[in-house]
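Dropping the structures in below, format is structure tokens.
Each of the next two complexes has chain A plus one other chain: chain B in the first, chain C in the second.
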Partner chain A sequence: MKTSDVIVIGGGLAGFMAAAAAASRKQSVTLLTYGSGSLPLASGAIDFFDAKIPESAIKDLPDTHPYKKIGAKALDDATKFFCEITAQANLPYVGRLSTQIPIVTAVGTLKYSALVPESMDASKIISKSKIFVVEIAGLKDFYASMIIDNLKKHFHDRTFQAVKIDLKLLGGRDITCMDAAQLLTDNEQPLANELKALNATPDDAIIIPPILGVAGNFSRDVVKTQLRADIFETTCLPPSPAGMRLQRAFMKYLQKSGVKILENSKVVRGVVEGKKVTGVVVENVVREKTFPARKVILATGGFYSGGITLRDFDKPKEPIFDLPVFFPEGAENWSNTELFSGKPQGFSTTGILTDDKLRPVDSSGKVLFDNLHVVGANLGGCDKIFERSSGGIAISSAFKAATI
Partner chain B sequence: MEKATVVVIGGGATGLGILRDLSMRGVKALLVEKNDLVNGASSRYHGLLHSGGRYAVKDQEAAKECIIENQIMRKIGKSCVEPCGGMFTRLDIDDPAYEELWVKGCADSGIEATPITLDEAFKLEPRLSRKRVKSAYLVPDAAVDGFRMAWQLIDSSKRYGGQLKTYTEVVGFDSVNGELRGVKVRNQFTGEVYEIGCDIAVNAAGGWAGFVGKLANVEIGVQPDKGTLIAFNQRITNHVVNRLHKSSDGDIFVPHGSITILGTSSMSVPDPEDTSTSREEVESLLKIGEETFEDLRDFRILRTFAGSRPLYIPPGGAVGRSASRGFAIVDHANDGLKGFFTIVGGKFTTYRLMAEKMCDQICAKLNNKTACRTAEEPLVEEVSDNDKARAKKFFPSYGTNLAATRLGVERFKKVVERLENDPESRQLVCECENVTRAEVEEICKSDTSFIVNDVRRRTRIGMGTCQGNFCALRAAAVFADMGVESTAKDSLIRMREFLQGRWKGIRPVLLGRTLRETEMTRSIYELSMNVTGGEPQ
Partner chain C sequence: MSDKTQAIFTGDRCLSCTSCMANCPVMAVVKEYRGPKLVGPAHGRMHFSQEDVEESLNYCSNCKSCDRACPSGVAVSTLNMLQRAEYYKKHEHMRSEDMLAHGERMAKMIRMMPFGATFSNIGMSIGKALGVFSALGLAGERNMPAYASTSFKDMHKRIKQTSASKKLVLFTGCYINDNEPQVGEAFVKVMNANGYEVLIDEGFNCCGSPLVVTGFLDEARQHADNNVARILEWKKKGIPVVTPCTSCSLMLKEEYHELFGEHQMHEAAENVYDAFEFLEILQERGQFNENLNPINQRLLYHVPCHLKSQAIGLPAQNILEEAGAKVVTADAGCCGISGNYGFRKDKYEISMKIGAKLFERVKEQDFEKVISDCGTCRMQIHHGTNIKPVHPIEVLARAYR
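The block that comes next holds the complex of A and B.
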């Protein structure tokens, strides 16, 4: 079999980004995925760090933090590259590393991220005097009255109006936002007609669940051009159409760039010669197959995706290369008494530690493999959910590993 | 002033049993509970309807009570009992001499214990350790759902005029010349303190009985004894599987629907509120459990939980596992307070008998000659096949039966009507446990629903595979809309409180696939929902 310049293992945001970045540098790339990655869980926004100015806060992090291994340049380049890929798929993102842009969540709080899909950018709501919150008859998981109750805490002195529109979704099984987004793709007119009937003016905002199609902003464009008021999508319970749009944008780029994508490919182990990884072994129903590579990028995720596993307490494992895994030892360090505790959860800091080329290191800091790079949620040493850094770390570590 | 003939203190199985019994005998009774109903040992236990086999050697009186009440419970609470049967297995490390004693003990107590061959045992329970199991017997154990039993007890009591108030804590007693006049209570949400007039008060506060006694200046020998249990997300056994040895920790497996509960430990604790669990307790239960089922660690653990048995310690008596599982009734007229009684000890399986004995004494004082009928009359009427058939058009038949028995005839009828008339009410709020929006709305409107966890206990939302990942948002939203109490309105607090309740039981078992679910919880509620509402710092 032909040797790939780069093999990327993992079909989440980090894996896609690594494959795209490597392909953009004219490398031959094979992407091996298994399962659906964690994009269906994603809010759609790319979180970089929980700080007013993420860029500055990241600069002040300790040297052990994954962002410090990645470096400011890769972070910057990755952000630009990400915006290029999404823009090409008509999925424009707004924001930059020095800003935090609010989006409205499905419970009516505001969530702040450095990069958000244009369809969710809620910064303009501040200038509106009337806010419509639109429920769709039969659509699950979107409760206008709860959203209004909580949103009122952020937007005082506005008029809120809950409305329910009928898109004829009722009558079958439960309808999720993802179902509605799929049904409305290339079939936007019923929604546009219902929203037009609200007679909203440019002074008004219309908040809707994330149902504006699954392909970039195409459905949004069809609806928006017919309205005088701005429309804003919220986040939702999984599966997330915003995550699906990202997935599609990347798939489009990868296909165009000649990346070989092999789905349903479970990598069971690496092929190793001394400090060099020469390939990976994929297992399917009947046999095993070896894929040779000059460089391998591990983007299999953390506990959620099975990139790290824990059968017994204090014994986390990285199942493919059996890499050493950093973790906080003992029950008292593993988790906090409160689920939402205002501090990092120990278990979420579990992961692989690397050098500044993102190569795995052992506990003494010695590099284990010269051509294996670890990215995204596989990386340990920080609680990416608490820090709100998962998206930023995913795209920037992937970009760095692919272009190093 | 509000008045009742009898105030029952404590909303566990014993208190609810007393409320039902008194109401059926025509006594005006009011139950007060400081938390939600069945929030103590009556839901924090195995869910084992004892055959008595477990007590056949040590305490034959308890064993005899168990087998009799076991038969009664199957009859009056048919839909609360899963008649899965029980098996006692002796392992190679267990004392064969104990087996002989046990066989004799069962015979003497009237418990049918049928010896079976090992081949039969492995056929019935394929996961049993073939290396270790040396002998096996079948006994009439069963699984019982403490929650369902409680809701049915309430419905039955209400039918006879029984009343209850939750989140209402007793803070004192009012007496004149050593005779009880009333009970002072506090509303836990508003802080309002008021008095309920009564002739008799029954302290059925379980592990809390000692605290209630102190309010009346009487000493009560109750020792809270914490038991920790593990719920697995699969049905590992078909029967209740007991170790055939001297009763010890971690030696009972009870299957309930699609899950299995393993327990329990026994540890004296000063505070019955202590329902904490730890990794060490879980590890020690698993270690014992895998002696019987070698591949136990390959099953996903759903959560762990603990409850406090209210062990009765007569003056100078034994504590812990050696303490009697029997019960005691104390008339505090001898302590200088006429009209005040305490009932303490016992176990879930015999709650009805305890209630009967207590009510016999109360009725004697009241000169009420009505006989107890709680052993004959079923707790609730059966939901009609017709109503079930109507419901089955909208959700899976497995879910229909469960919903029917937890809702009862009248509420189920209302829910079915909603399902028929409003398609949106058919949405599943909880996919894991098949709970429709119509049912959640109906329960939100109940006068005992103050927080989302109250709705959880009645509907089972959030108790299944995903442990609230999806239904936390939905339930908080529906509750904010439908809840009658002002506590319903802050949806973010209710949502966090609900998830925190789930987290408590997940934390000590945070490994394997449970870890995966938790990463999902955090990803949804912290990243996609920003449920804490924080702004960038």
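The block that comes next holds the complex of A and C.
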């Protein structure tokens, strides 16, 4: 079997980004995934840091923080490359590292993110006088009246109107936004007709759940060209069409670039010669198979995806290469009992520490493998959920590791 | 290994993350199906503890996209199949289900009659024209797979092979034996070229896949027990069992154990290989015969769902590419037919909607041939595009002088 220039392990945002970036540099890439990755569960928006500009915030971060290893240049390049990939799939993103763009959530609160799918960019709502919130008959977890109650707190002196439309989507199950988006793909006219009937003007905004198709902005384009008012999608509970669109945009790029994507491939260990990784071993039900590689990028995720496991309480493990895992010392530092307080959770800082090339290091800072790079959620040293940095760390670490 | 892979022990790992829903090809086109998460792991747990029927269970095609999407190792589709079997303990099968499940029995009957294959093929055309298919609950839009005039097992007796010390057993599967024996012929040519004598074991049954998906689980169990016992006999002799049918290999390697949980099923599975998996292992050991005419062809490869599930990479693509072919994967998802699913009258339209993206890709015709390891995938592509795909081993066989 041919040796891949790069093997990427993991099919989440970091894995896709690493595979795409490596392929863009004419590397032969094999992507090994187990499970469909996190994107169908994600909002589609990318945060870099909670309401801070990363470029300036990075200076104040501790040396162990992943952004310190990634650096401002990779962050910037990664953002541009991410936007290129999505734009190629007709899924344009707006924003950059330092922007904070509002998105309307499924309950009508506002969430601010740096990179946002164009269809969710709610910044233009500020200039509108009337806001329609459109509920779809039978669609779960989207209630126009609740959204309006919450939006009123942000947008004073506006007229709100709740509208309920029936797109005849009900079959034998409760429908989710994913169902609606799949059923409306290439069948947008019924929705367009209902929205046209609102007679909304350019001074109005129409807020709808994220049901405008599952491939790029194609369905949105069909509907939008028939309306005079701007149309905005909210976030939703998973499965999330916006996350699926992002996943498809990456898949399209990877397929076009000749990346070999192998599903259901659980990597159980690496093949190692001294400080060099020469391949990885996939275990199926009956036997093992070795995939040789010149470089390996580990994008297996943290606790939530099995990239790091914890069988004994104070001994987190990285199961493939048995890399040393950073973990806060002392049980009193593992968690903060006030879940929604202004402080991070100790256990969330668990992960692998690296050098500036994102290669794993031991506790003395010594690089363990020359051609193994760790990216995304299994990087340790910060609480990515608290900081809201997981998306930014995923794309920028992946980009750096793949292009080094 | 055993407890981890038997399906009924995997349901509790479900976190309700919805990854399976986002990747289910049936859900994407059918509003009535409540989806793998709810039907498999969630309802499955309730169902096994009390009598309760989830009607939309019959929409599951067992393509296993959900199993592959699951990050937690839940055998979602097999949980569905176990529940389907429970359902049929109390409900009657339709005649179409009975027919589609028992292709092997039917073929054996036909082979016993003189000119049986010819007459039954004519009979099928007449029957289809008269609307008999439809009355039976079969999709009238489709041709049933035509019987080959000679089954592969009969053909095999006439193939001259030189006796070799290295031997393997070909598990033909029903479709190759009865409908496309030329795939079996190609298999023999390739394995002979690699120094293997190909044996046939007349004692093997149908792998049981068509029985499992139509809820004839007790019969499937009998097939499993028989096949497993025979595979273990071959294993004792150090002779591997190899099959070019990816649904057969998945059943023998993985699904027997997922369904029934007997340890010997797993032991037998260790002696079973997909055809190209086997060839790639030879290649890795430096034992693959590379004395091939260069394959100067551009091939479009539809990777069957049941191959993706096996986690063996894409060995056919690797081997054909190293022989000079340009192999492009279709990347268009499930073909929709999923064994006998698309042959059912009430599932025909669903199967064609699922396959639409693949048909579109095939119709671009930017290649010389379409290849796919799975017999029913090939039938579906042929039906949906009028372009007849071949098994990758047929391409490889032609390249051996």
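Everything below uses one rule, namely that the second predicted complex is superposed on the first by the 397 of 404 C-alpha atoms of A that agree within 3 Å, B and C clash if a C-alpha of one lies under 4 Å from a C-alpha of the other, contacts with A are read in each partner's own complex, and residues count from 1 in each chain.
As a working rule, a residue touches a chain if its C-beta (ideal position, glycine included) is under 8 Å from a C-beta of that chain, and two chains touch if they have at least 3 such contacts.
From a predicted model like this one, the values you see are computed outputs, not experimental measurements.
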{"item": "Fit or clash between chain C and chain B when superposed on chain A", "value": "fit"}
{"item": "Partner chain(s) touched by A:170 [first = chain B, second = chain C, both, neither]", "value": "both"}
{"item": "Touched chain A residues, chain B compared with chain C", "value": "B"}
{"item": "Partner chain in contact with A:100 - chain B first, chain C second, else both or neither", "value": "first"}
{"item": "Touching partner for A:238 - first (chain B), second (chain C), both, neither", "value": "both"}
{"item": "Partner chain in contact with A:345 - chain B first, chain C second, else both or neither", "value": "first"}
{"item": "Touched partner set for A:41, first chain B, second chain C, both or neither", "value": "both"}
{"item": "First, second, both or neither for A:72, with chain B first and chain C second", "value": "neither"}
{"item": "Which of chain B and chain C A:110 touches, first, second, both or neither", "value": "first"}
{"item": "Partner chain in contact with A:260 - chain B first, chain C second, else both or neither", "value": "second"}
{"item": "First (chain B), second (chain C), both or neither touched by A:386", "value": "first"}
{"item": "Shortest CA-CA distance between chain B and chain C [superposed frame, angstrom]", "value": "5"}
{"item": "Residues of chain A that lie at the interface with chain B and also at the interface with chain C", "value": "41, 170-171, 238, 306"}
{"item": "Chain A-facing residues of chain B, complex", "value": "278-280, 283, 297, 423-424, 426-428, 470, 473-474, 476-478, 480-481, 489, 491-492, 495-496, 499-500, 503, 507-508, 510-512, 515-516, 518-537"}
{"item": "List of chain C residues in touch with chain A within their complex", "value": "1, 5, 17-19, 21-23, 27-35, 38, 55-56, 67-72, 253-254, 257, 266, 269-270, 272, 280, 283-284, 308-314, 318, 322, 329, 331"}
{"item": "Of chain A, residues touching chain B in the complex", "value": "38, 41-43, 47, 50-52, 54, 100, 105-112, 137-138, 140-141, 143, 145-146, 149-150, 153, 170-171, 174, 235-238, 240, 302-304, 306, 309-313, 331, 334-335, 337-340, 342, 345, 347-348, 385-386, 388, 390"}
{"item": "Interface residues, chain A side, partner chain C - complex", "value": "1-2, 34-37, 40-41, 169-173, 175-176, 178-179, 182-183, 238-239, 244, 251, 255, 260, 262-266, 282-287, 289-291, 305-306"}
